[in-house]
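Chain IDs A, B and C follow the sequence of writing; residue 1 opens each chain.
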């Protein structure tokens, strides 16, 4: 495939590699935690981009796949004593199946209706899990510390999860690039630009959209397993946080939706900003105000995001910034 | 069974009037300009706090405070429209969704900074009224009456006044309205303001029922979505009707199953409605 | 027959947009579809093309019943169409626009092959140098050609053209008519909705006339332009009636 030679392919991977290698070089657990959060955001934002940026369908409740995968994986590890790798597979598979079934139904909706339906689904899932006793109901589940001994102890387990997250981030970027350069991706972008015209041209829109939705659900699901395994416990409120879903949209739009690099940069920038704000004493409330103001400014003035804006203004950069 | 069912049903019904009022605000904005106001929740919370502050700081009667709150809600809406919405009114849906959501985030952020997340309460009671076997709370009855009154006034405004007619023209066909010389931006700003005004009034009324926090608006916002889809987009009367249905369901269902399942049912209903009858059960335009 | 429309009815609420429309299209012909504004011409295209299902009646394409088929199924069978109001894929390049047609049309080409096809088709319609530009940077006439290119890239057997000449000046019209002739020479059957009377009367082999959703006349251009029913239908639109008369006169002179 000639896309190996293109700089647009290597740039995102190298950037993630550089970010990812930082904790290894410093050996610092603190740096690792910061970078883990960034990697998590990259995975979530890039996955959302597959649906939002490529296909043009705005999912406001995308976090539901993260929560679903997290819960399934956590359950398998804590209640069924299964190994992490199996939990990861299940955590990717169950959201994918859910996306397939749900997608068939809700992808028939357009624009705002679709967005609302995704909110409804997330809220329904959270409310349901709160009542679902095998998953711990409102108090969620706790991981017995013993479990970490199978992974070389808690400290080692944290490093293992870190590297798995790094691998996942690279994988989602690869998938993102591949989709963009494939016939499948071209069909999706045609749908994004004008769904009716795309249908007339022969794009089989129902199945194309559904597969985009499925792919966009797999990565958050696996990420959910990794995060909550590392976290040691899982609660409905943490797993299905609607605000996090919106932050994902901000990240994608900040960086530039429909590009590979955009969600990466947007996620990294947003998390750094957030991190800086959280350290200062004025704390959480200002963070929300700043995020809100940022989102408003982006929406009003640069809806195409930083990468999109650069691609417009500096045409020769288009080859590099994909 | 009837002994428990009837009071729950009636209580839910009365509450439903207020839900309907809130949803009406959302429906109006959606119907006139195809914008889903995701700052609906914090505005409801603003209404709650408005009544609380006026009541607790200067001892104003909550129902008088409602008038102040209504005006504040109207102004807030016009401001939000001018700053956040106007520029992207013709952009794809995502833009207006995100623009109003960003206002939501800003309002919540400022709200939690000022009031934190501790619960507040408006300690006000109108006693209760006996109607046969039922004991109806005075505050509930007053709220239902006010909701109907406001609905009536809204309809009069839209039907009889010039601004109201402008709004209906713009809702029907914005381009044609502009061609006829109607200042569409003003009409849109006004309708947004009316929508938020209704939300603020609803919030103020809810404050007389239950304790609340800065984040309480969220729950009512989600209920408003369900109701709007139930009652039909852009159909304010349908929103009221939908509110009654939802209120009644919320009152009645806990009699038969645990309260914690109510949200699950609400959201599943919501998604099903969007899928099956997106134009609502009473589809009509403003 | 490449296309057989049989007894098609279409309602929109209480309004009957198409009433018992029956048309047979011969392979390799250019069929003109004319009629006053609001006659239902675009609606008929939408029904043939699968955008709306017919309420009654049937459609056969290439001998197979395609009633109720979706647009993408028809595209894969070899039916392509352009729109009255152009629908470019704005944020994609001109080349990518045409590649979509090639990738998802009858030949189901790979990306690599589609790129080659796209370049060929763009050269054919005269947009060869516009390939890397974004679609929304083109002017209206160019967007119309892009629309045509996209349809052609799908290797259609039957091409539906909806007012492809609207908004073009005289020389552009001439160029487009020539292109349509070349398309027919490549074995593609064409149905064209048009209001530019002299052009459609000149290039069509046969013409059918729609008025208030009903077929009121069909035949050669000369027959149709002389038909009193047709003239009467157009009397509500004096400008077009005049053009019709002018076209009839010119045909009479040939």
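The rule is short, and it goes like this: a residue touches a chain if its C-beta (ideal position, glycine included) is under 8 Å from a C-beta of that chain, and two chains touch if they have at least 3 such contacts.
Keep in mind it's a predicted model, so treat the numbers as computed, not measured.
Of all the chains, the one whose CA centre sits at the greatest distance from that of subunit C is B. At the centre of the protein atoms shown, by the Cα-centroid criterion, sits A.
Mean C-alpha positions place subunit A and subunit C at a centre distance of 44 Å.
Averaging C-alpha coordinates per chain places the centre of subunit A 33 Å away from that of subunit B. Averaged C-alpha coordinates give centres for subunit B and subunit C that are 49 Å from one another. Contact residues on subunit A toward subunit C in their complex (touch as defined above): 181-183, 186-187, 189-190, 192-194, 196-205, 258.
For subunit C in complex with subunit A, the residues that touch the partner chain are 49, 51, 70-72, 75-76, 80-81, 83, 87-92, 96, 99-101, 103-106, 110-111, 114, 150, 154. On the subunit A side of its complex with subunit B, the touching residues are 52, 58, 60, 105-106, 108-109, 111-113, 115-117, 119-121, 123-124, 127-128, 130-131, 138, 246, 249-250, 253, 284-296, 299-300, 303. Residues of subunit B touching subunit A in their complex: 34, 36, 84, 87-88, 91-95, 97-99, 101-106, 108-110, 112-113, 222, 225, 229, 258, 260-261, 263-264, 266-268, 270-271, 274-275, 278.
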